[in-house]
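Labels A, B, C and D are assigned to the chains in the order they are written; within every chain, residues are numbered from 1.
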Amino acid sequence: MTSSWFQDPTLLAAMLGALLPFVSFAVIMVFTRPYPKLSATISVAAVSVSLICALSLLSRHWHLEQPIQYTAKWLVSGKLYLPFGFMLDQLSLLMLTIVAVISFLVQVYSLGYMAGDPGFARYYAFQSLFAWAMMTMTIAPNMLQFYVFWELVGLASYLLIGFYFEKFSASEAGKKAFVMTRFGDIAFFLGLLLVLLHFGNLNIVDLNSVDVTARMSPALITLSAILIFGGVAGKSAQFPLLTWLPDAMEGPTPVSALLHSATMVAAGVYMFARIFPFFSKSATAMTLFLAIGTITMLLASTMALVTRDIKQVWAYSTISQLGFMVMGLAAGSYFAGIFHLTTHAGFKALLFLCSGVFIHEYETNDFFEIGKYGGRGLKVPIVCMTLAAAALSGLPPLSGFFSKEAIMGGLAGLHNPIWLWAGLLGAFLTAYYSFRLIFAILFPKKIEEVHHEEHGGHGHGHGEDHHHAGIYWVMAWPLIILATVTLVLGFFHTPLENFLVGHHGGAEGHGGGHHAWLLYVAVGLALSGVGLAWLEFGRKGASQVGFVERIEPVKTLFAERWYIDHFYRLFLDYVIYGIFSNLFTRNDRRVIDGGIDGICRATVGGGRVLSFLQSGMLQYNLMVMFAVLALVALYFFF
Amino acid sequence: MNSLYTYLFLAALLFSLGIFGVFQRRSLIGMLIAIELMLNGASINFMAFNRFLAPDPIVGQIYTLFIMGIAAAEAAIALSIIVAVFRRLRSINIERAQELRG
Amino acid sequence: MEFANFPYLSAILLSCVVGLLVILCIPAERKMLIKWVSLVFSGIAMVLSIYLFITYDKTQGGLQFVERVLWVKSMGIYYFNAADGFNLPMLMLTGIVLFTGVLTMWELETRVKEFFAFTFLLVAGVFGVFMSMDLFFIFVWYDVSLFPMYPLIAIWGSTRKEYGAMKLTLYLLAGSALILPGILYLFVNSGLNTFDVVALMQPGVFTPFQQKFAFILLYLGFGILAGVWPFHTWSPVGHVAAPTAVSMIHAGVLMKLGAFGVLRVAIFLCPEGWQYWAQLMAVLATCGIVYGAFVGLAQTDLKYVIGYSSVSHMGIVGLGLATVTVDGLNGAVFQMFAHGVMTALLFSSVGYIYDKTHTKMIPELGGMSKIMPKASGYFILAALAGIGVPCLASFWAELLVFISAFKTYPVRGALAICALVVGALFMLRVVQRTFYGEKNEQFEHLPDVPFGLGIPRMILVAVIVFFGLFPSVMLDVIQVASVPFINGLP
Amino acid sequence: MNSVQSLIQPHVLAQIGFAGVVALILAGALIAVFPRSILYNVLGLIVCLTGVAGIFVYLGSPFIALMELLIYVGAICISIIFAIMLSRPLHLSLPKRRLPKVGLALGVGTAVFIMLSAIISRTEWQPAAMRSSDWSVTTLGTYLLTRYDLVFEVISLVLLVAILGAIIISGYARRSTS
């Protein structure tokens, strides 16, 4: 294997693409940390090589028949054989490309956004770490390798969320994210172990084959599917593990764009798709997933209705869209889920990167403030953001429209109409909150400080104008590219579907055209959402208070995230710390340690008693002597 | 009165009382007195055996005499020690005399 | 190979003993010379142990580098050293931790001579236990390694050092008080009049009852040193009290001595007793894992936290041993190695921070990442390894142990796996409180790890990452011993 | 009259006297052991020893009884009293009893008594086959100076040493404290 990897361009590309970021990470951490510029160059270079590799792989294998697999021994223990390798099929190629593209764009964008940060080199090291882990995970041929890099991705996320570690909230958010996803991952791991023990193999190809039903009972499949889905719920922030993601916005904005909207959180959905045939063998599990996706989507949408933080809005919308993808997949439309993942990666990254420009410019996260300061003056970002928000709302002819229609189609194919209605309600809410934000920036109540607007409008920040302009454009280019993608990606619907589903067959058939009425209903709902937002935020003299915000308890409920976090906090404080930790610690101090100390003290005390007898107390000596004498004599006489 | 057992039990009683005294007293002189009781118990034993069992009734008396001699010597020494200890410690409480311990 | 018969194992031992003697001959005032001598001899030991690990013939397997000399004929005591897949990782671990420990203590100024002398004595005992294949020598070396702990902690320690030292010594001696009868019981009942492990481990030497009886004695005896729950309380206290290098050697190597003793003596000689008691071992180990994690949550002293994480991680070793499977054994031995390196790194970074700030209370620290980025980096990396982040050495060990444990004892295995969440929570909590957040003004002027002191930490990091990326380098060696052993079980 | 006469019959008188002597011993011993004041103890001891002397008379040796009175009562008890008198505050300090200690001592004493009684009652006491009936003090003197000559000498030596020792100890202690 090692001798021939130079000759095989596919393998070479895969290896280079997946492993170069690791080299970059190691080099930065070990050698070039003191040199931020050099570190950034190394990292960007590595990720651009990855991008080139990914694109070449995609174009080379556009008409792929069979998955290509390369494996080498990673670990052997007894009968357990864990290979390390690459598996290239349609899905992984697509995902690889998405990851590479977004990583590349975000890293370029970060050149501007993060410029001058004291942790610049560290930032790029972590970015490289993430790129490596994510790509290697994407093309993993086997679920154990998948799990390994899945965890590494979580680590990168932890490090990047807590990037501004001086801030308590940031480190807290990082910890929360890690522990919460860990929670899901444990379920994932247990599920994998179940499969490993009963199926004996974790190769993705084998898992997706029909063999599984032959070797595992349906109940077992359901159980392991649900457990594995725990991983999805953790990583993709599905109910009930959804609250870490809004907090994760404490990280730098490009990180939010890359990890917490476009790629990493989509990893859960990707995993769902990865072993989609396995999951779909259990109807019970699929229904459960559908319910979870729906709940997640609606919960997150409601939360997004009331927040004033620009990043929070997109974070909630990410959760909600992830729920949408899970719904799509769980409804059985494999392609719809993937397609929405793809389009979502594009427009959501765009949304975050645009927000990043605003935040960078005005140093506030509150979009009402941004509007007041004249956010609409930043032409490129505001146009791009409006475009992306329209895509998010599912307005034609943007990419989101197509993918959302696909999912709606999938939902409409189900027997129970409740899922479809939930989906439509979600679409309406999505349109409403997206445009609530857009209108708040575009048509602020009053523009307070004109000079701010001018500064912003011309892209001149504080101080060095040229430099700043340079940074602005470094940050603007990725936006434009992503906006283009958002505009045109929807029209690649059919080629992508052919590419992806050509061989999966069966589960499909819910294209856009099957339910013509649905199309109009969905678009109509989205438009009405936009219209409502216009009424409340956009038109002249609008109150700028949403209909939800008028009802205080509901507003509080939404703003407090349905009290899920409070519940976790209480659980952690009372059950984990209060009961277990406290109890065990006391047990340790008092019972175990106390017992041992007690034994020691008893020994010492006993020694003291004995030494007392030897301490010149004649009387006691004699007493013992005579007592023993008497007893011995009595013993011998009777 | 003419039975060996009477005397032996009497001696045993005296000896046990002496032991009890030795253990229970906290003053050295009290202990000395108790020891004298024990010695007398032993003497009675000797005299009783002498009277009822021994082939030669002189030997027991001689032993008793020796015991008295030893007792006198013991009393002399013990009293002088007590006086010395008292001078040193200002007490004849035996529990205070723990400086003797090794 | 002209060196084929060179007594490498004795050479490792000798490098410690000669190092000890040379240090004793140097006047106490020449501190730098003493340090250099220690460095050279520990370096020799490390290089030799790594060399053995690399040159071990995996295709041939079995015992290699054998040295066997009859010592006392009437008792059948042999000076019998050999290396197999189980002890090679341990020897390498000891070498690495010794070398890095010596480097870590480079700035020691008080009683340098005695410190390094005791350290070498300790490590000589540890090497001896790991390489010896004779029960008598195992026991003797074992006690040799226990004795120096007392002065090392009581003289150079901190925080309640006399208490910690005394507690530790008493516990460990209690352990050896169980081991000695166990060994003698086996010796007497074998009827072979030999202490030779290889001769005694032949099937049929002991009846099942004898095996069960001896196993529980030996398991508890060695288990105390391995921190088996509920005999673990000496370990946090001892770790806290000990000076940095001693904590490193102690948590890194000495606790493995216990686990290794369970493997080499108890499991090797009493396989049926092992299978009989495995249920109990699994229960205790699971308790240790869960318990260590929860208690760790409530600690405020950095070293206590590490101490309890050690309890938790040694529970994983115990769980691996309790599964009676190849994976479990592999995982357990791998975990011993990985945990050794990881804890050494944790203690060495905490030691540095403590040296500079003179506190190891978590609430008093904070924001250390800003002040000492390197020291913090080392700690965070080690903490991540402890959480079981992939591509760091202990992940693989935990993976193997959990796979086998889940296979053998589903409920206990699942419980242990769930404890990982708590483990992550408490480690991250410590990292957050100590290294993140606002920096403490009072420590602002303190220097970060200088290059020289960074070397040992970098070595440890390199080892963790290397075996994390290439676990098969380690597993292939362990496999050679574990597969035949499990297959040979009755 | 008859009853009185019968009362003053010699063996009855002897019985009564014996009972009196035993009562004297027991009462004296109890007084010697129990009260906390040392002077009482000494007086009890004197009473007890007098009783013992009486017992010796009953055992057929008036000479030893006399010696008992002379040596014990006349010498030892008096010297104890002297010691008490000389070291003035001795009789004033009355250390309190400790109940557990008294209890323990009582237990041990009882145990010893039970043991002794058991031994006494369990043993078959066989008188010697040939018993001489020579109780004279002359023979005793002869024996002392012939057969037990060495022992006699040793006892004398012991006494001498004891006296010297007593003088040295008390003298030394006085010097060291003053």
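We take it that a contact is a pair of C-beta atoms (placed from the backbone, for glycine too) under 8 Å apart; a residue touches a chain by one contact, two chains touch by 3 or more.
Just so you know, these numbers come straight off a predicted model, no measurement behind them.
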Furthest chain, CA centroid comparison against chain C: D
Approximate Å spacing (C-alpha centroids) for the pair chain B, chain C: 66
Distance between chain centroids, defined by C-alpha means - chain B, chain D (Å): 7
Where chain A and chain C are represented by their mean Cα positions, the distance between them in whole Å: 37
Rounded Å distance, chain A centre to chain D centre (Cα mean): 101
Shared interface positions of chain B, touching two or more other chains: 19, 22-25
Shared-contact residues (touching 2 or more other chains) in chain D: 101, 104-105, 108, 112
Multi-chain contact sites of chain C, meaning residues that touch two or more partners: none
Those chain pairs that satisfy the touch definition: A-B, A-C, A-D, B-D
Parts of chain B lying in touch with chain D, wherever the complex brings them together: 1, 4-5, 7-10, 12-27, 29-30, 32-34, 36-37, 40, 43-44, 47-48, 50-59, 61-62, 64-66, 68-77, 79-88, 91-93
Residues of chain D that touch chain A when the two form their complex: 101, 104-105, 107-108, 111-112, 114-115, 118-119, 122
Complex contact set, residues of chain A against chain C: 73-80, 144, 147-149, 151-152, 155, 158, 162, 165-168, 170-172, 174-175, 178-179, 182-183, 186, 189-190, 193, 196-197, 576-577, 580-582, 584-585, 588, 592-593, 596, 600
Chain D-facing residues of chain A, complex: 619, 623, 626-627, 629-631, 633-634, 637-638
Residue ranges of chain C touching chain A (in the complex, touch as defined): 167, 170-171, 230, 232-233, 291, 294-295, 297-299, 325-327, 330-331, 367, 369-370, 384, 388-391, 395-396, 399-400, 402-403, 406-407, 413-414, 417-418, 420-422, 424-425, 428-429, 432, 435-439, 471-472, 475-476, 479, 482-483, 486
